[in-house]
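Shared between the two complexes below is chain A, which has chain B as its partner in the first and chain C in the second.
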Partner chain A sequence: MFIDLNNILDIDEKQPPDRISISISSSQTDNGFLIHHFLSLYIRNGYNVCMVSFTQSFSHYNNVGQKLGVNITAARDNGTLIFIDGLKLINECLFASPGDSGGVEKNPFSFVSDPKPDLKNLYDHIKQTITSFSSHSTVPTLLLMDDLGILTDLGVPVLAVGDLMMYLRNFMTSAQTLRSGCLVSVVQADKDAADEEHELLLTRLAHNSDMMLHCKSLNSGYCKDVHGELLVTWLDPKQNYPFTSRAKRMQFKIMDKTVSFFAAGMSSAVL
Partner chain B sequence: MLENIVSGREQSGSILIKDSVQQYGRGLLKALIIEVSNRVDQVHIFSFDPNADEKSQDLSGHLQANVQYHDCSSDPLGWEGTPECYKLQQDFVLYAKESVKGIKDKKVLIVLDSLGPFLLHRVTPYTCQVVSRLKDQDVIGAESVQVMALLHEDLHDEPTSRLVEMVFSTVVTVLPPDRTNCYAVCDILHKKQSGKIMKSKERFSISQNFDIQDVEAVIMLTKRKPEDALDTADPAANLTFNLSLTDAEKEARSQLKLPYMHDDETKHGILQKGTAVHSKIFYQPDEADDFDEEDPDDDLDI
Partner chain C sequence: MAAPTTSFRKKVSTKILQIPGTRPSLHNNQLLISSGVPSFDSVIGGGIAVGTAILVEEDTYGSYGKLLLKYFIAEGIVCGHSSFLATADTKPDQIVKELPSAIVDDPGAVQDAQPSSSEADDSMKIAWRYQNMSKVQAAPVSTKFGHYFDLTKVMNPEVLAKTDMRQFYLPDEEIPDRHSNSIMNPAYQKLLQDIKSHIINKNFSTSSSKQPQQQRNILRIAIHSLGSPLWGEGEVNPDSYDPSLPRFLYGLRALLRSAFASCLITVPTYIFNDTAFTRRIENMCDTVVQLESFVGSERETNPVYKDYHGLFHILKIPRLNSLTCHMPDSLDLAFKLRRKKFTIEKLHLPPELSDTASRPQEDKDVVVKPKTVGCSTGSSKLDF
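Moving on, here comes the complex of A and B:
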C-alpha cells in the first residue's frame, strides 16, 4: 500500500472505497503497482479480498506482497483472501484430456472453448465465493479482476465480458448483503498495438465506473527517473451533467519497495 | 433551435440524444423529460442502465405528469432470475404494451435509456423497428406518443449510429465545450414534418434543477478569402526584347503555308489525280554496291 497513492486517490485507509467501481488501464507500461496497492490496502486492514487473476500465479502476488510488508499467504489461510487462479483453470479447460469432461463442466471457465460463450457460470461462481466470506456483511470486500483483456484475447467477445462486468458491478455496489463492496477491474490497452477490442471494453467499463486510473509511459520515451504517468479521472456514473471531470495527472517512479509520485515535471532528478 | 424543441414550438415525434464518456447527455435527457412532461399526461421511463434515475430519484418533484419507471436493468440476461425485470430476448414492443396501461386517449412520453443493450445484443434493424413501432400511437394505443432515447455513441460503430439516427426526427449530439464557461455544445439535426431539415450548433448549460440555460448559437468563424490586392504580374512587361506581334505579323503568320498541311490546292490536286504525287528517287550506286536492275521477286509464282 502506498500512502502517497491513497492521498492522490482520496482514499482513507480506515474507510476503503464503498460501492465504487474502479477501472485500471495501462498503455505500454506495467500497472502492477496499482493492483498491489489495492491488494495490500485491503489485506493490511484485514478486509476480505476475492482475487481473480488471469496474468500471474498466486506466488507472484505473494512475493510482491512480502516486499510491501503484507502476508498474503496468511490471509489466504485464515479465509480473508480467496484466490481464483484463472491461469490454471483456463489451462485445464483448454487442454483437458478427453476422459476428463466431468472436471471441465464444474470449471467456471468452461466457456472459453465455447463458440458462443455465456459467462453466467463464472458470475455465479464469483458471487458464491464472495458470499462465502464469513464476514461479508460486516467487513468491506474487494473484488479484483486482473486482467480482462486476456479474456478477449482468448476469443471471448467484448460483449460477453462487458455483460459480466455489468452484473458484477451491480452485485458489488448495490447488493444488500455486502457491507461495502469495491470492484477493481484491470485492462491493458496499448495505444500502439491498436487494440480495438480492449479499447471498446475499456469504454464500456468507463460508462459504469466511478474512477478511472490510467497509467502510461512517457511520450518522450524511456527515462531512468520517471517511469510513467498516472492519470486519475473521477467519473459520475449517473452521468447527469455534461461534465468537466475532476482529474489529476501525476508522474511516478517505481522503486524496490515503494512508488514515489510527483507532479509532472517535478521529479527530484530534474529539480 | 434547442429552446424551440424543448418548449414544443418545433414539433418532434422522436428525439435521440447521443453522448459519450467525455460528454454525458443524461442531464440533457432529464431536462427534456421535465419540459415535455408539462405537455403530456403520462411519462414511461424504461431504464436499461442501472445508474439511471430510478434509484436516485433526481426527477421526482420536477415532473408534473404521472411517471412510471420500468426496470429493464437489474437482470437483462436472466442470470439472477428476477421475474419482473425485462429480459433482452423478449419482444420489447409487447413488453411495453403490457407495462404501459391506462393510456387510451392520453398523451404519452416514452423514454428509452439507453439504446445500448438493444444494439449490442440484437441486430440494429431490430432497434430501429422497435422505435418506429413505439412512435406509432395505434401500436401503443394512446392518443399521441413521443419517444425519447439516449445513445452512447462511443460504444457502437458509425454505421450502427447512423442507422439508428435515421429513425428519429431530431438528433442531438452532445460535444465537449468550446469555451470553459459553458457546459456543453450540441449539434442538432431536426427533420421538420414538412420535410425540411435544419441543422444548428449551440452551446448550453444545465442547472442543478435540470433547467436548460444560456443557450446560444455557436457562430463558426471562417477566414475571409484574401482579396486580390496583388496584381498578377505581367510576365511580358519590362523585357528587353519584344514578345508580342504586330498586326501585320499576325496577318503574315496566318497566311503561311505549312509543308504538311493540306490546303485547298493540294487537296484538289489529290482528288483530281487520285493518288499522291509521285516523287522521283535518284540513286547513284558506289563501286562496292552490287546493283542489280532485275526484280528479285520475279521467280515467285503466287
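Moving on, here comes the complex of A and C:
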C-alpha cells in the first residue's frame, strides 16, 4: 500500500472504495505496483479478496506483500483471501489429453483448450467463491484479475472476455446484491505494437469501469530514475452526455518498498 | 531428568541450496545461473533466475543467437548441470560437437594439484596437527559462476560423454498429425510433454521428494529457433490467429515455476510480420533480449560501430518477488565477438542525470555562512 497513491486516487486509507470497477492498463511499462497496492490495501483493512492471477504464482505476491508489510499467507489461511492460481490451472488444461476429461471437467479454465470457449464456468466459479465470503462476513470484497490479456493471447476471443467482465461487474457493483465489492482488472496494451485485440479489450473495459489507471513509458525513452507515467481518469458514473471525466497525470519511480510520485518533469534526478 | 530449558538456541543457518554454478541474486535473493557470457549476466542483473525463461530474439542470420545458445549449454556442462536441447534444423549432436571449450583462469592451479598431493604424504615433524587437515582446499575451479569460452577449441569429448543431456530433434520424433481441435501445434505439444516428463522423471521438480543422498541439480533447457516454419509455425490457415506458440510458452512458464530449471529460447522474431504477435510472445517470457547484427546492413561500415558486431537490446527484465527489477544504467548496448570472448558493452554513456549524480551540487555550496570571527569583515581572505 502506497500512501501517496491513495492521495492521488482520493482513496481513504481506512475505507477502501466499494461498488466501483477499476481498470488498470499499461503500455511498455510495468503495472505490477498497482496490483500490489490494491491487494495490500484491502487485506490490511481486513476486507475479503478474491484474486485470479494468470501471470504469477502465489509466492510472488506473498514475497512482495512481505516487503510492503502485509502478511498475505496469513490472509489466505484465515480465509479472507482466496487465490485462484490461473497459471497452474490453465497448465493442467494444456496437458490434459483429449481422452480423459474427468479431471478437467471441474477445472474452471477448461475453456482454454476449447475451440469455442465458454467462460460461464469461470464466472460461476468466481461467483461461488465470492458468495462463500459473504456468508460469514459483511465487509466489502475485492475481486482482482491480473492480466486478462493473457486470456486473449491464449486464444480466447475478446468478446468472451469482455462479456465475462461485464457479468462480473454487474455482480460486484450492482445495488441489488447485498454485498458490495470492487472489481480491479488488468490488461497490457502496448501502444507501439498495435495489438488490435488488446486495444479492443481495453476499450471494452473502459466502458465498464468507473476509474481507469493507465501506466505508460516515457515518451523520451528509458530513464533509470523515472520509470513511467500514471494517468488516472475518473469516468462519470451516470454517463451523462456529454461525458465528463476528470484526469490526473503523474510520473513515478518504483523503489524497493515504495513508489514515489511527482508531477511530470519534477523528478529529483533532473532538478 | 528434565534438563533446564532455555530460550537460547544455537543459530542454525538456514540451509541455502548449494548447487554448483549457481548463486543467489543480490537483488531479490533468487537463485541465479550464468548464461555463459559474464557481461550478459551483468546487464540482465546478475544472471538468469532459476525457474524462468529467457527469450533471445535472433539476429537476421541467426548466427549470434545460436552462439548464445551454445554458450548457455557449454556453461551448464562446465558446471555439471543437466541439459535438454531441442532443435528442428541443426542436429543437436552437431551443436554439442561444436560447443566451445572453457578457458580455465589459472592453468597453473591444475598442474600444481598433482605434485602437491604426492608431497603431502610426507609426515610432518613440526606442525604435525596440520597433517589431519583435508588436502582439498577450495571448490574445483570449474564450479565457479560464469566462464569464458575459447571458440577456437571444442569441448573435450570425454567431458561431453559424461554429461547428462537429453536431445530432442524434431524430425526424429514421432509427431502426430494436427487435429482441428488440438490444443496446440503437435510439435510444440510433443516438446512440452517431453520437457514435463523429463522434469518429473529426473526429479527437477520442486515438489518431488528428494532423496537425502541425491544432490539437487539444475536443468538447462535450450530450444533453438522456436517458431520457425520448421516447427510447423503458420502451417494452418495463416489468416487466423494461431495461439500455439503463446500456449506453449505459457505452459512452459508454469512448468518452470515449479522446477529447478531455466530455459533459453531463441526465436527468429524477424520472420513474424505482426509485431503484436511478437509482443505476445515476449509477454509470455520472463527476460527478453534482442540481437541486431550489423551483417548485411549499412551499419557494418559505419565508423561509429567499427568495434562492434551488433546491437544488443534489452526488452524485458523480470520483476521476481519484488516491486522493482534490475534497472541497467543504459540500454544502448552493443556486442562484439572475439576469439575468446563474447562481450556486451555500453555503446555510449547516458547523460548524467540521476539522484546519485557525481556532479557537484553548486547550489548548496554557494550559500555564504555568516562569519562569526570578530576580526574578519569578509571582504578579503587576508583581513585581520
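Simple rule for what comes next: the second predicted complex is superposed on the first by the 255 of 271 C-alpha atoms of A that agree within 3 Å, B and C clash if a C-alpha of one lies under 4 Å from a C-alpha of the other, contacts with A are read in each partner's own complex, and residues count from 1 in each chain.
The rule we apply is simple: a contact is a pair of C-beta atoms (placed from the backbone, for glycine too) under 8 Å apart; a residue touches a chain by one contact, two chains touch by 3 or more.
All values derive from a computational prediction rather than experimental measurement.
In the superposed pair of complexes, A:H207 makes contact with chain B only, with no contact to chain C. Comparing chain B with chain C, more residues of chain A are touched by C. Applying the stated contact rule after C-alpha superposition, one finds that A:D163 touches chain B and leaves chain C untouched. Of the two partner chains, chain B is the only one touched by A:K120; chain C is not.
Contacts of A:D4 after superposition on the shared chain: neither chain B nor chain C is touched. Of the two partner chains placed around the shared chain by superposition, chain C is the only one that A:S59 touches, whereas chain B remains out of contact. Within the complex formed with chain C, the residues of chain A that make contact are 30, 32-33, 36, 57, 59-60, 63-64, 67, 87-88, 90-91, 93-95, 98, 112-113, 115, 149-150, 153-155, 188, 190, 192-198, 222-225, 227, 254-257, 259, 268-270. Residue ranges on chain C touching chain A, taken from their complex, read 28, 179-184, 192-193, 196, 241, 243, 246-247, 250-251, 253-255, 257-258, 275-276, 278-280, 283-284, 319-325, 327-329, 331, 350, 353-355, 357. Put simply, chain B touches chain A in their complex at residues 19, 21, 23-28, 30, 49-53, 56, 58, 74, 77, 79-80, 120-121, 152, 154-155, 174, 177, 180, 183-184, 206. Residue ranges on chain A touching chain B, taken from their complex, read 120, 123-124, 159, 162-163, 166-167, 169-170, 174, 200, 203-204, 206-208, 235-244.
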